[in-house]
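Heads up, the next two complexes both have chain A, just with different partners, chain B and then chain C.
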Partner chain A sequence: MMLGRVIGEVWATKRAGAFGHRKAMLVATLAREGDRLFPTGEVVVALDDIGAQQGNVVTVSWGSGARAVFAPPDNRHVLVDAAISRIVDAITLDESGRVLNLQHEEG
Partner chain B sequence: MILGQVVGTVWATRKNPNLERLKLAIVRPHFWYNPPHDVDHLVAVDQVGAERGQDVLVCVGQPGRWMAGTSAAPIEASIMAIVDRVVMGPSTEDGTP
Partner chain C sequence: MFLGRVVGTVWSTVKWKGLEGVKFLVVRPYHLADLIPEVSCPPGFSSEDGVVVADILGAGVGEDVIIAYGHSARVALEPHLKDGQLPSRPVDAAVVAIVDRYEASAQPGFDAKVKPGEKKTRPATSATSSRKKK
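Take a look at the complex of A and B:
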């Protein structure tokens, strides 16, 4: 999994059936430097089932395990290599255990 | 998945039997997370009918292989959707662009 911030949404009418009606979100991946998170400049498109909004920090499950994000038996025909698995409220970044509240901090 | 643009098509007469009847498209990614090769394009199986110039979503790796209906096919990227538009920034209250 990786951390990212939702920066946009992709709209597509013509799609493979394996997609279902889930939303596809643009997620900019985040990296850590000291006690700050900053965007790496890489962007991944991830399917979203849990209603992530613009600006939310999320975890993205990656690879063939991404399908497991969607509840069975609905996921039987889902083919996806990236899916938003949770919306992050806060994380600890450094050894001091300081909590960074992500949903209220710009970055 | 990767957001990219279809820039061409690949035709091949002699090919692996598992690639029969599959259309191949050349996709140049707008963004690419952790690219496996040092090239600026990838060749993806197209089962949604994308045309040159269209933006598409490309699924890579094992899930992209399943798109062909068999895990035996030598595929690592499949076009999953043709993009109508990309919305960046805040959307309206009802969620529509």
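Take a look at the complex of A and C:
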């Protein structure tokens, strides 16, 4: 899984059938250094079923893990290889239990 | 999956039998600095790489597309799979959607200044795009 921030959305009317009518979000991947998260420069498209908003920090699941987000367990026909699997509220930074709270950054 | 722009086409005369009739395109992925110019990327990040993808939707050069990898790409090429039937073509990247429009913007709290990178010299891409009507 990958940590990223939702930066936008993509709309497409012409798509492969099994793609369905889910929202496709643009997610910028994040890396952590010390107390801060910074974008690595990579952007992925992840389908969303849980209502992630622009600016949310999310985790993206890949491959069959992404298909499991939408249609467990018999999902070989589902055309998804990246799905938003959770909206992150906070991240533990180190063993001392310090927490990076992401909630205040929203809205 | 990723968002990219079709920059070229690949032709081949000798190919695996099942790939006849499948078009192959060269797609350049969009990176963060293309979508949101005010965000600078870490140095050493190449944004010139192209990916060869299969296409049955009919995307053309200059169009923006969404690419899926792996099993999803094979499913995209075979829309009439029956239950329990598995795709068989040797493909691992395919166009799954032709993009009409995308929007991207940095939110407050998006830490853009932590890792300043080198200035890119490639042409700026607008943060909002519209597909040309044919």
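Heads up, the rule we're going with is that the second predicted complex is superposed on the first by the 98 of 107 C-alpha atoms of A that agree within 3 Å, B and C clash if a C-alpha of one lies under 4 Å from a C-alpha of the other, contacts with A are read in each partner's own complex, and residues count from 1 in each chain.
In this text, a contact is a pair of C-beta atoms (placed from the backbone, for glycine too) under 8 Å apart; a residue touches a chain by one contact, two chains touch by 3 or more.
Quantities reported herein were computed from a predicted structural model and do not represent experimental measurements.
Q: Since both structures carry chain A, what do chain B and chain C do when superposed there: clash or fit?
A: With chain A aligned, chain B runs into chain C, so clash.
Q: Classify the contacts of A:Phe38 with the two partner chains as first (chain B alone), second (chain C alone), both, or neither.
A: The answer is second: A:Phe38 touches chain C but not chain B.
Q: Which partner, chain B or chain C, is in contact with more residues of chain A?
A: Touched residues of chain A are more numerous for C.
Q: Quick one: is A:Arg5 in contact with chain B, with chain C, with both, or with neither? Answer first, second, both or neither.
A: second
Q: In the overlaid three-chain picture, which partner chain does A:Lys14 touch, first (chain B) or second (chain C), both, or neither?
A: both
Q: For A:Gly63, decide between first (touching chain B), second (touching chain C), both and neither.
A: The answer is both, since A:Gly63 touches chain B and chain C.
Q: Which residues of chain A are in contact with chain B in one complex and with chain C in the other?
A: After superposing on chain A, chain A residues 7-16, 18-19, 24, 26, 42-47, 54, 63-64, 67, 79-82 contact both chain B and chain C.
Q: Which stretch or stretches of chain A touch chain B in the complex?
A: These residues of chain A touch chain B: 7-16, 18-19, 24, 26, 29, 42-47, 54, 63-64, 66-67, 79-82.
Q: Please name which positions on chain C make contact with chain A in the complex.
A: My answer: residues 1-3, 29-33, 35-36, 39, 41-42, 45, 47, 56-58, 66, 68-73, 75-76, 79, 81, 83-84, 86, 94-112, 114-115, 117.
Q: Considering only the defined contacts, which chain A positions touch chain C in the complex?
A: Its residues touching chain C are 5, 7-19, 24, 26, 28, 33, 36-47, 54-55, 63-64, 67, 76-82, 104-106.
Q: For chain B, which residues count as touching chain A in their complex?
A: Touch residues, chain B against chain A: 1-3, 30-34, 47-49, 57, 59-64, 66-67, 78-91, 97.
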